[in-house]
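Both complexes below contain chain A, partnered by chain B and then by chain C.
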Partner chain A sequence: MTQTATEPTRTADGQHVLVVEGLVRRFGDLTAVDGVSFTIAPGETYGLLGPNGAGKTTTISMICGLLEPDDGSVTVLGQQMGPRKVAPKRHLGLVPQDLAIYPDLSARENLNFFGKLQGLTGTELKTRVGEVLELTGLSDRAKGPTKEFSGGMKRRLNIGIGLLHKPTLLILDEPTVGVDPQSRNAILESVENLSGEGMAVLYTTHYMEEAERLCDRIGIIDSGTLQAEGTRDELIRLIGGVDNIALTGSGDTVAVAEALRALPSVAQADAERGSLRLTVHDAPTAVAQIVTAATSSGMQLSDVQISRPNLESVFLHLTGKALRD
Partner chain B sequence: MRQLGTLLTTDLIQRLRDKSVIIFAVIVPLALMGAMNLVMGDAMDMDLETATVAVSAPEDDQLATALVQTLPEIGLDVEVTETTADDVQARAESGDAKLGLVIPDGFSAALMAGEQAEITAIRGDGAGIETSVVLSVVQGFLDRAGASAVAAAAGAGLGLPPAELGEVAEQVTTGEAAISLTTGAASDEQLDPKGALVAGQAGLFLMFTVSFGVLGLLAEREFGTLARLRSMPMNPNLVVISKVLSSFVLGVVATSILLAVGGTLFGVDFGSPLPIAVLIICAVIATTSLTFIVIKLAKTSEQASIIQTILAMVLGIAGGAFFPMSGGGLLGSILDLNPVAAMIRGLGITSGGGGLADIVTPVLIMLGFAVVAMLVARLVPDRGAMA
Partner chain C sequence: MRAALAIAGVELRRFVKDKGNVFFTFIFPLLLVFVLGSQFGGSGNAGRVTITGPSSDLRTAVAEQLESQEVSVSHATHNDMLEQVARGRTDVGLVVDEEAATAYSQGGSAELEMIASSSSTSMAAQQEVQVAVSNLDLRQLQVTALEHAGASPAEASQALDEAAGQVTEPTLEVVNVDSLAQEFQGLGQFDLGASSQLLLFTFLTSLAGSSTLINARRQGVMARSLAAPVSTLQAIAGQSLGRWVIAFFQGGYIMLATWLLFGVDWGNIGLSLLVLAVFALVAAGAAMVLGSILDNEGAAVGAGVGVGLVLAAIGGGMMPLEIFPDTMRRVAHITPHAWGYDAFAEIQRHGGTLADILPQLAVLVAMAAVALLLGTWLLRRSMARSL
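Our next item is the complex of A and B:
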């Protein structure tokens, strides 16, 4: 079912941070997760890209030991995960999709509380809480109850709690939903920084731009199954790896199309009234030659548009539907 | 262990910041005690008055003697003076006695023969509720004596010697369950009405106070923090245990405050601190054990509040939080197995000077209740907060 574009990455000693094998979870008649398998190597950022209801949160709940899988297994640094397991949970930092903070406690109290539960004590706890407050930009709001926070501030604290104990694997479930573009950018930047420091990250989203920007590898999930996985380029190659160019202008478009088809970079050319649609290999390189050929065939160009396939088109190709409805 | 401490202290901090615990566990019950004391104060004082009864009884009459001996034991303050029939009349008319009773000669013989025996009752000046109560006890005695006379007559048919018949008749009329009023007052007979009011309200509101633990657990679910807690490296049961402990701490503190403040305000002395502390702790254990069941059943805080309110009202009312409840036989025994009733009864014992050894029964009832509640909780399928 899954179209694997690459061999799974492994560390030198062959140990993955996370190994997910054949996870299945049903809710009544609905199979929310249906045989999901993937691995995450140390320091790697892995994205789960899929629409609402694809099964991302359910998968993460099983990875973090919140839900018992009906089938399959989760291994964190070689240790079997489950709801009653304690040891493997030490390596995980979860940032749940829904806010998970106490409204009557301050940001510092929230961090202290979860830090202690993670096993931090004394000066280490104090230092880490200070660092996380700094990182999330909440240092000067550390004292007031979080119920007085703005939505974005709550989100930042929600993420900060997951980072406190410097987990080996940070799991972020759609952390940017409901956040303004500025905060969103700040969140993405801090994920990039953490990944740069060597933290492995599992990141779910239904924004393909986020997956493209952050993730080393991406798994495309829909209806509970992984439809494909690989790097961005590998995924795009799965659907043929061709670009589109649209030429707009006046002239005999049928004749121009005829002429352009002769070019080696052009796979297909369709003439419409006042415009041409081309399917080409490597549009950025080919576009100069195409524009020259079209002009010399007698076309007066008013606009040239290049569109390269993205994960959106991959998703469309794999599932027959758009990522966002 | 450290994690449990962290969970518990953070929970208590939040309970206190969200003022509702202080309001519902301490302020509201104290206000209610004050209000109920104002409303019911007069009626209670009337109960307190001594029923002075003047009786003339024929000498050497077994049943007449039994009746006279019964009067001081009916749960009210009854002062019985035995005198002659004429003096009874005089005392009742002058108001020296609120009730005069003249038991006729041959009282026992008449009853044994199944004949009508008439006791003359004279209500004196200032006769009140207590007089009516004494009268109804006398009436009850007569009714039962009539029945027993029939039993004795039937026994005679079977050939039992007359001497034994007399004993049978006496046993039936003066036996354990003779007069329901005495059993009815058993659960609070040692507490005066104000003491019963304070203890009853403390018991009732304890049921609400311990429910804050369940509400705390459901709040974790609503805040989304329950998921995060379950992703932490610790035994997931610690979350539930910390909430139950939090209920326990709040219950002990609130009940202690209610009994101390209520006792001071209304001038009630519940007795020595150690047995009181034991009673409070056992009552909190019993009521907290119910939260294990509520945790299994309630999915939302609304559901939890409803279940807890039903439990509180049923156990509170049956336990005598508003007025003493009584019942004979099976119903009475069931009512007595209630932690609120047991606490009120226990406080009655301590207020009468009872020590640790005297409160064994209420303590066992409360601990037994806790054990049963925990067993039931294990059997209830999990569809609540932790499901």
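Our next item is the complex of A and C:
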């Protein structure tokens, strides 16, 4: 069952850009997506965070009308989506995980082609192609075949194609997979800019840092099921919202632990040989008081380490496994 | 419709931009037309005669007579002439030796030796030689008679020319009764090779080009297209149209280039283009089938070339159907190539009209319908598989 931290936001007229309700998709005996539900409001960046094979791409395929769900529904700006529906697709811009471009055509030819598929024609098409080439920094390489592009340039073109028709909802499926750090940062910046301009974004990733940096709300997905969703802080609170402090030094650690347990910010204190492991509320605020109390109790401190929970911890807590490939 | 046109347009653009296609699409077909025309093409006239012997009035007169009967005349040494006859490169060898030339110039009786080849057109060429020699013989007798009546040789020749100009001479048309020779009568040297190579390359190029369909599917371009406001039907229509445009482009190029370079007579150009258009539809459907059932681009190119060559070999794309045994000729008509071959033969050789080629067109349309429907169904399945 999905743990929801907050009620998702809505537009003034109460309409979400995307409403996904109870999506189910099976491939033979395998249930790839099992009852996934979430919504995205205008201007919101929603992250689907999960490991490879969690069901992210299958969910996106159903949202884009490429796959028919076995159960559940997808609504884009109030319009029902499905493989036979054409109209709602106008609101979506898909940036697939694979580089879905023609390598033997130039960047301009690729943009022209996909622009035509989006219904752009004449001056509007020409203008938008020019703008996207500018936006992606490919203007000076617009005429060369894309097979001669670097990986980062191809990724930028891949994203640019999704932006051609100024979609209401941009869907990016793991856009930074296999990208060098510099290009990756450029991609993340461009997503931040688009979000800042009011575009709703659905962003799937298995990189915790990307989800934390970009997303207003995050859905944690594993084995086809949405395990939890909310803002970063809300998700962390779902697992208790506590921090860890490790004190290393000499002295009677058992007695010191006893003393520290009396502090209101300390939820738990365990003594080990030469160290103390504390579970505390709001570590940055409480650490000074804890250090003072420990030294007052006779402990000679040599090291203090604070660790705060992140989405990795949340994922581990929810699924019992690490958020890695 | 706009989306389908965009997909078809991009497919043609990719085909033209592929440097690997330059040789096999633009150069190789013309090379084959040239080679086939040079080796096997008919001369387009009433036979081939090779004359051997020293230069003389008789040799010149015989050659002029034969050429006036549209016989192709060449000169060679005795040994070369014998070799040409033996290899079927000429229909008849004619020996005009010094003795005969002297006898002719003196108004006497000259004997010419004729060596016939075993070619199917040899009989007709022999008849042409006999007619030419008879004409010369008659003229010689007439000149001799006038000289005996007191006219000088020049006056005799002038009188005969004037007399010939005042009457309409009966013409003797030598008809070759060999059915094969009759079938190819009037065909230009490169005409037969051009139509057969058009069929071969239109189909082969289309099949080999099915690899781009696999490429688009595997690279996710097709999925991305379907995420745009484009229905599955529009996407499939675009791919079908793209295949058809490529096939028609290939065939149209061969038609234009062979007409310009080799003077190939395509008969009624509108009807020839219609046959090409319908044949290209069959090729487009076959390419969709191949591009949908295979998932590997290299395999598609290999299979496309293989299937294209085999179908062409069976269907008259490599050798004229007319030389096939009856059973093989019936078998050939399981291929669209044979029906296309028949339609082009009707248009090129017999000045056929639309009514004359309707049966062939009907069969090709039926084949196209089956191939396109099957291709659509398979492509739909393969697209679903790739999503």
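To be clear about the criterion, the second predicted complex is superposed on the first by the 324 of 325 C-alpha atoms of A that agree within 3 Å, B and C clash if a C-alpha of one lies under 4 Å from a C-alpha of the other, contacts with A are read in each partner's own complex, and residues count from 1 in each chain.
Methods note: contacts are C-beta pairs under 8 Å (C-beta built on N, C-alpha and C of every residue); 3 or more make two chains touch, one makes a residue touch a chain.
Every value quoted in this text rests on a predicted model; they were computed, and no experiment measured them.
Clashing of chain B with chain C is the outcome of superposition onto chain A. When both complexes are overlaid on chain A, the residue A:87 reaches chain B and chain C alike.
Touch criterion met: A:113 reaches chain B and chain C at once. In the superposed model, A:99 makes contact with both chain B and chain C. When the shared chain is aligned, no partner comes close enough to touch A:144: not chain B, not chain C.
When the shared chain is aligned, no partner comes close enough to touch A:22: not chain B, not chain C. Of 9-17, 81-89 or 99-107, the segment of chain B running into chain C after the two structures are fitted on chain A is 9-17.
Residues common to the contacts of chain A with chain B and with chain C across the two structures: 61, 64-66, 83-84, 86-87, 89-90, 92, 94, 96, 98-105, 109, 113-114, 116-119, 161.
Those residues of chain B that touch chain A in the complex are listed here as 2-3, 6-7, 10, 13-14, 17-18, 223-225, 227-236. For chain C in complex with chain A, the residues that touch the partner chain are 2-3, 6-7, 9-10, 13-14, 17-18, 216, 219-221, 223-232, 387.
Interface of chain A with chain C (complex): residues 61, 64-67, 83-84, 86-87, 89-90, 92, 94, 96, 98-105, 109, 113-114, 116-119, 121, 161.
Remark: chain A residues 61, 64-66, 83-84, 86-87, 89-90, 92, 94, 96, 98-105, 109, 113-114, 116-119, 145, 161 touch chain B in the complex.
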